[in-house]
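Two complexes are shown next, each including chain A; its partner changes from chain B in the first to chain C in the second.
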Partner chain A sequence: MKQRLLYLLPLAGFLAIAGYFAYGLTLNPQELPSALIDKPAPTFELAPLDDRTPGLATADLAGEPVALVNFFASWCVPCRAEHPILTRLAEVENVPLYGIAYKDEIADSIGFLNELGNPYDRIGVDQDGRAAIEFGVYGVPETYVIDRDGHIRFRHAGALTRQIIERDIMPLIEELRK
Partner chain B sequence: MIVEFGHFALILALVVAIGQSVLPMVGAARRDVRLAAFGRQAAHAQFALLGLSFAALTYAFVTSDFSVALVVSNSHSLKPMLYKISGVWGNHEGSMLLWVLILAAFGSAVAAFGRNLPESLKSRVIGVQGMIGVGFLLFIVLTSNPFERMLPAPLDGRDLNPLLQDPGLAFHPPFLYLGYVGLSVAFSFAVAALIEGKVDAAWARWVRPWTLAAWSSLTLGIALGSWWAYYELGWGGWWFWDPVENASFMPWLAATALLHSAIVVEKRDALKSWTVLLAIIAFSLSLMGTFIVRSGVLTSVHAFAVDPERGVFILILLGIAVGGSLALYAWRAPDLQPGGLFRPISREGGLLINNLFLAVACATVLLGTLYPLIAEAVADEKISVGPPFFNATFIPLMIPLIILMAAGPMMGWKRAGISGLLHRLRAALVATAAAALVVLFVAETDAIAAALGVAAGVWVLAGVTTDLVHRCRSREGTLGAGLNRLFNLPRSVWGTALGHAGVAIVVMGITVDSLMSTDIIAAAEPGDRFELAGRTLVYEGVEPKMGPNYMSERGVISVYKGDEKIAELDPERRFYPVQGMTTTEAAIRSTVFEDLYVVIGEQDEQGRRTVRLHHNPLVPWLWFGTIIMVLGGVLSLSDRRLRVGAPIRSKKATTGKTEGGAPPAGAQPEAGD
Partner chain C sequence: MKAVLTAFVALFLWSLPAAAVQPDEMLADPTLESRAQALGKQLRCLVCQSESIEDSNADLASDLRVLVREKITEGLNDREIKDFLVERYGTYVLLNPPAQGSTLWLWLAPGILVALGGAAVVLILRRKSAAKGQGPAPLTPEEQARLAKLTGSDAGIDRNA
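Up next, the complex of A and B:
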């Protein structure tokens, strides 16, 4: 009998893994610690989406007292949800906002921005998700706060909410602008 | 019209597959010859229908039929023909169609070549193949129809992702799928054997060739992918422990283990339930790879169909196939008759340890791949596991495996003596020690690690040579007689030798490249000179160039050795206007011992251009080694086929009673269990 139980082990192992997968499908990425906090943003160089907005590379991030990098995709519903908040943040607070179009068809990204408006000062196209991997992006939308030296100071995975902006992002922006 | 035919053939294949998965199983249970015959015909019909369906999709791509949505999103009329064709499988829907086509091809091959298989076993294998087919055909028909129309049709397509427009990647998926799906045959054999309640030498002899074929294809597929990453992604790296790479590497490790344990079942009738389990696990890992790539459960470079609906569907399929087969295993495997006994130090013992290490290595990779998920579920922590984890766990597991690799093929079955073995390997030991010492003195950095890696490679190469020499040492002792014997050795012996030698070469390549590669990254103006690994590289400038569906900036970098110009390298940056995407094309100068690898980047405001110059020693050995491994697999396969195909029927399959002697081919006409 003991022997027979041993033969159940592979099945038990598989069920555990399958359980994790099922759980993984329901994941809702929230605030994540990032290994890159206070480190320079990774090196990347992305082509522009169209000729209206320039592309994005590492060198563009530094220089401003504070800048935001936002990974977005047209197929991502939370990106739509955070869009008005992001737009407000960029326009009212006058923060340079850089977008990275993550794993998306060009036409879809353009359509997305035509429909909702384009809040971004620069947009890089990251169709294969390489820049996202360099940043350690967990899923879209994801937002990074970058300081004057091009270092990452804050990361938020998931849609931005007013609460996160008031609690985490605005104080950081004030601090960096001093 | 042709497109609708393709869609219709696809649905018809699903209907046939349903019949194929039920009727031969009933036939095997009731010993009904007509139902068994139906199973064979259904396997052929499914293959033919999917062949038509695939041909229809290929036709749509080749003729740039932009009324098909898939063609619109993955093709363009200006794209070169090779990439129009590879565009068929360069996307989720088309690649799934290729997947089931290969599955059906294997099913049909079992039906065609399995003439001397016991009828009931064959029916059940075909039935299980049919079931896998039903699952995946349902998946395609319900969630991923490749034939969907787009009306009104646009004037031109959106082009294939430029990164995928590459000869290496054009052939990477088909080989990978041949490997993944080839393992389905071993899986079907395992499930069929569990239903029959019988695993014997004949069973193992049947499983081996399919596993070998799958393993060779998988090896080639992984290497092509790695090669592509090396020259196309422009990082100079060839392996990133990315979840999707791991997803292909785990079945490879399991298939390698299966390849070895099946030998023990065949020759010694031992390790039976373990081998059956490995056959199930190997294919389960292939299925899991499919799930990981297509569900978006883990973030990766490769994930190309991030769609939760599909994820749920594949997870359910995975649950039925893997859960079902493992439940069957838990129920039936304890009743398998245990086979021959052996001492710890013997060929069987060596193969068992090989399996142990491969299984643990596979589990380690699995753990590292899934760890981010597990950590989050258990500890609510989000972490990612990178190369440091894999290097720290995987490499130590490989060292004993490699040490054993040289000695294993020389050990006798049942029992072997350590002292005799060491005596025979004394020359190899001396060669290994010498190599280690040389590296210790020559290497400037990381000398110990480098010496260890190179010594491991030399040890295996020397062991392989010793084994071959020993096998063909003739009584007369003349060179001619020896050579004669060398060329008349069984092909499976050559297969083993080449397989192991290939691994040794790859190990040396990996060690030296990861420890000793150097690079320079700089902003260069025309005329700038850089010193790299004893060469002088001069950046000459950039000129524009036009391609069929891209515009390119072509950089020119001259390579000097002393004052003599030895090469001119022309890395490119290509801009594909349709997708608005830039790709880097590295320029690589490969010689036997090293690669010079250069990439150019964007121009900055001062007109300088980023250049990256890499010196990667022994990288070509990765590709040589892999080719030698695949050659070994193919050679061994050609030997097996001769034996397996031999239409000798014996009343009772003998179970390897003589040492090293192959039991007669063929199997019992009808198992009377």
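Up next, the complex of A and C:
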């Protein structure tokens, strides 16, 4: 009897591995965890896009109970898609929103904002993408939630959706404002 | 015919694995450049995910290649450059996962499996050789007498002697 049960061992092993793989299939391989969660925002200093909106540096991030940093580019289609959602979030919730124009021609970034409206309180120009590397950005758009101490609390890679705002960002904003 | 074949083989041998690194990204010093390429092969392109930054044509991979070369020129060693990227992108940026935390199993599993398999082989072989040594019990004198009577000779006693 004992011998017979031993023969079931490979089957059990197979089921265990298959279970792991089945779970793995439910994960999104494109969604990488940020290495900077709960760490201070990286050091950077970016020139302004034009004289209408000030530039952006690390020191500007701290101080507010909560602030958003959004990497965008005029050539990025999902940025266009998330633009109204981002604008609404900044206006309705009155959250400071800082933009970083990622690897884009200055004239194109200005055109993008002239066309869709500028929701950003500050904009830094990151033409060589170095500030983005400091943040661990691997594509635009990416959005970061920064707390009062200038620490990164949340990162979303990809276009913001209403679902992500309601599920992840709004609860965090409320928590940080307490 | 032979010349064509030779030319074909020569062309085949001449071809090198394609790398994405652009001439303008390369360092002038060939030693440093080869160090940069060796290091780049160990770094994952975060966009394409299954390619190294040395193999990928993605924009970010190009930026990272330039960054790696800059850091090398600044005099940082490979460890420091890797640490710089891990700090920002997490250990996922390393194509060889570090032996720590959840990836520890990944590194230990081959050894554990070989040990388990080896133990199983030793056990099975031992059991087999033990079974061979036992065999059926030798005939008692009464049985031998009976066998001799049946066969009409003493040949049954021990043929192998």
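Odds and ends about this structure:
Following the convention adopted for this analysis, the second predicted complex is superposed on the first by the 147 of 178 C-alpha atoms of A that agree within 3 Å, B and C clash if a C-alpha of one lies under 4 Å from a C-alpha of the other, contacts with A are read in each partner's own complex, and residues count from 1 in each chain.
Here, contacts are C-beta pairs under 8 Å (C-beta built on N, C-alpha and C of every residue); 3 or more make two chains touch, one makes a residue touch a chain.
These numbers were taken from a predicted model, which means no experiment stands behind them.
In the superposed pair of complexes, A:Gly150 makes contact with neither chain B nor chain C. Applying the stated contact rule after C-alpha superposition, one finds that A:Asp128 touches each of chain B and chain C.
By the touch criterion stated above, A:Phe14 is placed in contact with chain B alone, chain C being left untouched.
In the superposed pair of complexes, A:Lys103 makes contact with chain B and with chain C alike. With both structures placed on the common chain, the touch criterion links A:Pro42 to chain C but leaves chain B unconnected. Contact with neither chain B nor chain C is seen for A:Pro78 once the two complexes are overlaid on the shared chain.
Residue contacts after overlaying the shared chain place A:Gly136 against chain B and chain C alike. By the touch criterion defined above, A:Pro54 reaches neither chain B nor chain C.
Shared interface residues of chain A, touching chain B in one complex and chain C in the other, are 29, 32-33, 35, 103, 128-130, 133, 136, 138-139. Contact residues on chain B toward chain A in their complex (touch as defined above): 73, 158, 161, 163, 233, 242, 273, 277, 280-281, 284, 288, 291, 295, 297-301, 303, 306, 308, 311-312, 315, 318-319, 322-323, 326-327, 329-330, 333-334, 366, 370, 373-374, 376-377, 382, 384, 575, 579-582, 601-602, 604. Per the touch definition, chain C reaches chain A in the complex via residues 46-47, 49, 59-60, 63-64, 67, 86-90, 92. Against chain C, the residues of chain A that register as touching in their complex are 29-30, 32-36, 42, 103, 128-130, 133-136, 138-139. Only residues 3-4, 7-8, 10-11, 14-15, 17-18, 20-25, 27, 29, 32-33, 35, 45, 47-50, 57, 59, 75, 103, 105-107, 125, 127-130, 132-133, 136-139 of chain A touch chain B when the two sit together in their complex.
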